[in-house]
Amino acid sequence: MLSQIIVNGLLAGLVYTIMALGFTLVFGIMRVVNFAHGEFYMAGAMAVLLFYGHLGWPFFAAVAAGGVVSALIGLVVERALLRPLLKEEMPGMIMTLAVAITMQSAALLIVGPSEQGIPRPFGGTWMLLDARVPWDRTVVALCALVIITAFYGFLKFTPVGLAMQAVAQDRETASLMGIESKRIYVVAFGLSCLLAGLAGALMAPIYPIGPYMGEIVIIKAFVIVILGGLGSVPGAMLGGLLIGLCESAVATMFNPTAALIASFGIVLGIIIFRPTGLMGRAVR
Amino acid sequence: MKTRYVVAAVALLAVVPWILDNRYFFHIATMATIMIPMATSMNLMLKIGQLPLSHGAFMGLGSYGAALLTMRLGVPPVLSLLAGGLIAAAIAGMFGPIFLRIKGTYFVLLTFAFGEIVNLIMQDWISLTGGNSGLYGIPKFAILGFRLTAIRDYYAMGLVFTALSFGLLWAIERSDIGAIFQSINENEMVTRSLGGNAMAWRVAAFVLSSFIAGIAGGVYAFYIGLLTPDAFGMRTIVDLIVMNTIGGPASIVGPMLGAILIVPLPELLREARQYQLLIYGISLGVFLIFFRQGLVGLLRLDKPGDKT
Amino acid sequence: MKAILSVNGLAKRFGGLRAVSDVSFEMQEGEIFGVIGPNGAGKTTLFNVIAGYYRPTAGKVAFQGRDITGLSSDEIARLGIARTFQAVYNYSQHTVAENLRRSEVIARRHGPVAYFKNRNLAAVADSQQVANFVGLSSMMGNTAGSLAYGQQKVLGIGMAMMVSPKLMLMDEPAAGLNSSEKKVIGQLIRRLQDERGIGILIVEHDMPLVMGLCDRILVINQGTPIALGTPAEIKADARVIDAYLGEDYEFA
């Protein structure tokens, strides 16, 4: 029983981490809460529904397409809708809310309100100690690890990634060093949507796909980002895994709603006692 | 255009339902008297640069609070209406200092999470709230022995509530409290360096706006007679944000106009209900980019703070 | 004469960086007290700790004998300590008169409770009087943001005066000013001392201004104090001259 809880928790935690990574990217760099984050997740899942479910593409190709579709929508949104509003926080946030409801209603009109499923690309389970581990979730977890590692490498070892960290820490100093915030925002937002899209695409065979599937994503992402610390990739990973484990335990022992309340309680506790999160830097 | 004229025009508009004596109009008008206080009280928070996504949840707390107190404990409706508002205010007072502790964006997310969780509790605690099937059989409102049965009675009740809350918020907006809020929003560092207790003002605004939302919830409960959790979720919040954005956030006249515009919309768009959200999303975007000051700006109404 | 501000063993660390350590001094009532030091010496950090923006890692600050260590910036302001900013900070969309009026209202009716409790109290300062004092009476109707840089800094001092402080903390009041504007500020600060008896703590880079204005000066280098005395003593102090070697400063 215990090992099942742990395995479930870790598997879920890895997916949560990818959800949170994109969110913390935009939050940390642009100081904007992207309310449409869940909808970009949904867009990735919808792409898999189309390409893999209806058009018969290979699964991983559909997943990649999901990421790309989300990223493209994200780039358009950033250029046309967010950039004019970036100077103030609130209008930017409300705009992402506008994007969220527009995307949600567009999905509603195109796909209809009911949830759909797609055939599972990987069936069967394997045993780890006395826990039953489904293969499809294992694949998701492995892909998540690849994505997280690639992302971390990008941040630490490429010029763009380092520039992004600089802008996240101190916008003014970064611009003095010749880093143009605007360009960084485009990359940050596009990358965030890419990650969200990939997460949604990977999860498409596991959870039902519908226009409202993105609603819960922001809450999870927010909890993880607060727990792990704003702007910290290791923090997002640690937070994702911890939340995954905690939810798995509480959900198994009580019910999923209690798990969510427990997460919220953790967030409140962190804000009261350690606002920078487990691994974050102090926010100015 | 003088704001006074607009307010007077709205006051005149308020008489229309009685003239037309049409049940349909009375319903829309009564819903407006519930949503105007909701939108204007949210505006109070917007004035200090905070976006309270918990506003729907506080309306719900007031709603279920008032309904349950009357139904389960036999509390007279007038007292439970008040109690509903006080419950909302107390919870806001409890969580406010924590939510408002860090920068504005955290507040948005915390209130968002809070709202979602309250909603989930409303759905899951079936023995208390009836869950998604609804809480039925809320008794009619009664005051001083007089039971409100006809829809026009509830419209009158709503009008009184709207007038009182609008009057209060209007007075606040035009007073030095409004000036202090503006100062906090425009430059918090300076305001604090002068001794302004920005945190205390924020919590006070949060408590007051949540109180009004709680009372609105109570009025809603007695009027509709049945409660379901989805009345207090993100749909309502989106409506309120649209009202404030299209109406114009600088003054409470904006959300009042926005509410008058938005409340009838679902009825008018009855055939094309699915398009409603799409229209909201697009309008929101358009107004944010092109008409930031909303209707208030388009009509060139004089705003508070245009003193000297 | 009672010390209006006493700082004892004050230290501030940011992670591994010791920005300020072991600072102690006493400032007398009605004194103009300067804090100087080479770039990066920790003056601004010290200032911000005293003003309540940072919590010190060690040490204590006391105002008129009362411990104010760790109080927030608005709590400190309510005790009678006002501050001005290095950059220009005001309600730029509103008039000079409104800026001054608001400053007094914010100071007196500082919180929801105080708002009602203090509503009938006499104003703690008069806008017109303060405007006359700082020399902005002809600009009362102008928008704050439209004023010249130097005038906006003067407005900043005026706003700080509206809280009727006993102590003023000034963060580089001469920053960004040309020589005639500096003269104006210098005279204003002198008059604050002479005519209003307000104690003033100045963190500054401008040597002539500091030397001409201050009664005593504290010199900080790399976070620690290296000298404390009158301008004459400081000018002659070998350690001070040593610290400034390589920097372009004229002590004259």
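Letters A, B and C name the chains as they come in the text, with residue numbers starting at 1 for each one.
By definition in this document, a residue touches a chain if its C-beta (ideal position, glycine included) is under 8 Å from a C-beta of that chain, and two chains touch if they have at least 3 such contacts.
Remember, predicted model here, so these are calculated numbers, not experimental data.
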Neighbouring chains shared between chain B and chain C, ordered by label: none
Label of the chain whose CA centroid is most distant from the centroid of chain A: C
Dominant interface by contact count, named by its two chains: A-B
Rounded Å distance, chain B centre to chain C centre (Cα mean): 44
Length of the line joining the C-alpha centres of chain A and chain B, rounded to whole Å: 32
Rounded Å distance between chain A and chain C, as computed from the means of their C-alpha atoms: 46
Residues of chain A engaged with two or more neighbouring chains: none
Chain C - residues contacting chain B, complex: 51, 72-74, 77-78, 82-83, 85, 89-95, 97-98, 101-103, 105-107, 109-115, 141, 159-160, 162-163
In the complex with chain A, residue positions of chain B that touch it: 46, 49, 51, 98, 101-106, 108-110, 112-114, 116-117, 120-121, 124, 234, 238, 241, 245, 274-278, 280-282, 284-285, 288-289, 292
Residues of chain B that touch chain C when the two form their complex: 176-177, 179-180, 182-183, 186-187, 189-198, 200-201, 204, 305, 307-308
Parts of chain A lying in touch with chain B, wherever the complex brings them together: 27, 31-33, 81, 84-85, 89-91, 93-95, 97-106, 108-109, 215, 218-219, 222-223, 226, 255, 257, 260-261, 264, 267-268, 271-272, 275, 283
